[in-house]
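Pasting the structures here.
The same subunit A turns up in both complexes below, where it pairs with subunit B and then with subunit C.
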Partner chain A sequence: MDLITQWLGWMPNLTPGLVISLQLTGLALLIGFPFGLLLAVMAEAKFKPFQWISFAFVEIGRGLPALVLLYLLYFSLPDAGITLTSLTTAIIALSWNTGAYASEYFRAGLAAVPLGQKEAAITSGLSGWTGFRIVILPQALRISTPPLAGLAVLVFQGSALAFVIAVPELMSKAFEIGSITFEYLSVYTLTAVIYGTLTLIFLGLVRILELRLGRHLLRN
Partner chain B sequence: MGLSFGTKAPPTALSGEVEVSGLGKKYGVIEVLKDVNISMAEGEVVSVIGPSGAGKSTFLRCLNYLEKPSSGTIAIGGARVVAGEKLPDKASLDHLRRVTGMVFQSFNLFPHLTVMENITLPQRKVLGSSKEQAEEVANQLLKRVGLPEKAKAYPARLSGGQQQRIAIARALALSPKVMLFDEPTSALDPEIGLEVLAVMRDLADEGMTMLVVTHEMHFARDVSERIMVMGNGGVLEIGPSRQVMSEPQNDRTRQFLKAVLDR
Partner chain C sequence: MITQLLTSIAQGVGLTLYVTGASLLFGGLIGLVLVGAARSPIAIIRAAATLYINVVRVIPPITWLFLIYFGLPQYALRLSTLQAAIIGFSIIASAFMAEIYRSGLLSIPDGQREAAHALGLSPFTTVGHIITPQAFRVALPAIATYGIGLLKDSALASTIGVREITYYAQQSAKQTHEGLLSFVVAGALYIIISLVVALVARRVDLKLRRKIGVL
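Presenting the complex of A and B:
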């Protein structure tokens, strides 16, 4: 009972941190997923420079640990005369990281749409962008949804890394409480419960979404 | 020809005839299609038969540039394209594809769209039809292929034969001048294939110009006016259906027909 009381007592301090974590995650996904789709389309473009640009962004974003990317941006941007808040820097780093990984999932989804679909789109007059948008993309997105949902969870959990550049997110709030009360195990256990619960709820929602997206493929 | 057709151009009075000359396709040094010539009158049905690897599908797919031919001239229903190193300009390509409708062996319906959307979306995007106009056309076509009750179904719920009939309706929705069929019944069991063949027979009776790659010898003999036999990338012979079936001139044709008819 003491534990519950203790945890409830900490919640007012942790909640603002959780809000920042969710904002950071939400923005990283909101920017990272479309960025990833753009990188995927550029990677398949006939125009070579597009391929190179995509390659560079994807390989740097995937090649570097998110933590290293965070530090690099945080310490290098001011030298380049760009001063951003730590939250903005974290959003950029996580979006890049997210986009790089997402682009591979989008590419896999696009590649999994049978060639016959593109041919049927062309012969139905739906060539180019229209055909891509109406025929190919919806089918690719359905295929990419499960891995992208998994990525979204990783981004949420990875948002804890922003702690190291002083973003006042959930993890940093937990650390603050720990350093005042010395109840590190207790406060980190609570943090784990919060991350775990939200992750499981999110994955449950994704499962429902997947079923809805796949409804048209059911035979009966 | 100085015709320029935007994608939304209304169908104009086009002849509906096919004139293909010297059509060839090479992959590197390998010639998969060589010097194919055919001219078809409006309303004519021609079956293309021959052993696998003969270039039948490649020939058909070159006609609407699903594959790029290396040489030759294609004139279909008022659209005209000269093959060469470069792709033709977009307007000519759009025009060529606009006057041809294609039906695939594997149907290729859009699985995430209902039957109605499969048939109406191309009309709305290509012809600029309103939703109501497009649905009216779709309902007529669904009646024509005998599936008026399937408008709201998704393709996965339909049998192969039904999917192929919907695919024919989708192709017809853009009022093509010529219909290209690429082994439309090869993925179907023989009995189900009959319902597709019946729709194609009706279409032929109504005067549609059709080019049909097929292994259905009864259809080739009874429905098409002429048969074109292909082998090794070229045309072995072409002539009136019954004549080609009963008195083939070419040895390879004889061998192929014997194999097909004796089974």
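Presenting the complex of A and C:
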């Protein structure tokens, strides 16, 4: 019972942190997914330099630990004369990381659309871009959605990394409470419960989404 | 400048490899127990294993590390940073390794077990000599991929003060004001280690495939 009252007492302090964690996740997805799609399209482009740029962004975003990418931007941007808040830096780093992973899923989705669809679009008189937009892309997105939703859950967990550059998100709020009360075990258990519960809810939503997207396959 | 940075940051390579290797080893062993428990005939053991795997996976790694490093000393269980990191990553790795083993086991047709039974092999011999070698071969690429993921996750150990690659990169970034270069060097080290691990895994995989005559 004591534990519950203690936890309830901390919630007002933790909630603003959770809001920032969710904001960070949301923005990283909002920027990261379109960025990933751009990288995927660039990787398939005929113009070689586009392929190289895409390769560099993807390999750096996926090859470096997210923490190193975060520090890299945090310590180097100010030297380049760009001063950003730690939250903005975290959003850029997480978006890059997300985009790099997402691009692989988008590429797999694009590759899974049969070539005949593209040929049919051309035969129907749709120009390259229109054909891509209204014929290829919707089919590719349907294939890429389940892995992307799974990635979104991982991005939420990854948002905890922003703690290291002093973004006032859930982990740093928990750390603050811990250093004041010395109840580290209790406060981190509560944090773990919050992350765990939300992740489970997200995973449940992903599962429902997968079932919904697979409906047209079940009917046949 | 860059050689100076490289020599100071490369000091962390040893501990990065140590944390990754030890966690993969312990996690791999606990994972074996878990996958055994998940296939146990007793429902409660099965449920406990599934619960453990899910609880571990839904909590971010950094929260695990902080919980162990800052939380446990409250109960007089004082751990060094290195111990805390290895315990934390072993717990995380065990859940993921259990899932990898499970998919490896699922790929072995039931006929193998039945054939072993028909030949009069004991269940113990069947698991040791028939199932495990085949399942391991299937699981190896996934284990290597996870190992590389764990290598990158091990950067988190720097947040509780383990002196690995990221820790030294942070130190030199602060001391030399060469933030970009320090973390470029650190990133390059991670990528080089990942590439080496991937190459070795591919060679072992090829060797195992040749041995059984696939390819």
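Note that the second predicted complex is superposed on the first by the 218 of 220 C-alpha atoms of A that agree within 3 Å, B and C clash if a C-alpha of one lies under 4 Å from a C-alpha of the other, contacts with A are read in each partner's own complex, and residues count from 1 in each chain.
We take it that a residue touches a chain if its C-beta (ideal position, glycine included) is under 8 Å from a C-beta of that chain, and two chains touch if they have at least 3 such contacts.
Model, not experiment: these values are computed from the prediction.
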Subunit A as common anchor, with subunit B and subunit C clashing or fitting: fit
Partner chain in contact with A:P34 - subunit B first, subunit C second, else both or neither: neither
First, second, both or neither for A:L185, with subunit B first and subunit C second: second
A:D79 touches, of subunit B and subunit C: first, second, both or neither? second
Touching partner for A:V135 - first (subunit B), second (subunit C), both, neither: first
Touching partner for A:Y195 - first (subunit B), second (subunit C), both, neither: second
Contacts of A:Y71 with subunit B and subunit C, given as first, second, both or neither: second
Greater subunit A contact set [subunit C / subunit B]: C
Subunit C versus subunit B - closest C-alpha approach in the superposed model, Å: 28
Contact set on subunit C toward subunit A in their complex: 54-55, 58-64, 66-67, 70-75, 152-156, 158-159, 166, 169-170, 173, 177, 179-180, 182-184, 186-187, 190-191, 194
Complex contacts: residues of subunit A adjacent to subunit C: 59-60, 63-69, 71-72, 74-76, 78-80, 157-158, 160-161, 163-164, 171, 174-175, 178, 182-186, 188-189, 191-192, 195-196, 199-200, 203
Contacting residues of subunit B [partner subunit A, same complex]: 7, 64, 66, 94, 97-98, 100-102, 104, 106, 108-112, 114, 121-122, 125-126, 154-157, 167, 170-171, 174
Subunit B-touching residues of subunit A, taken from the complex the two chains share: 114, 116-117, 119-127, 130, 134-135, 138-139, 142, 216-220
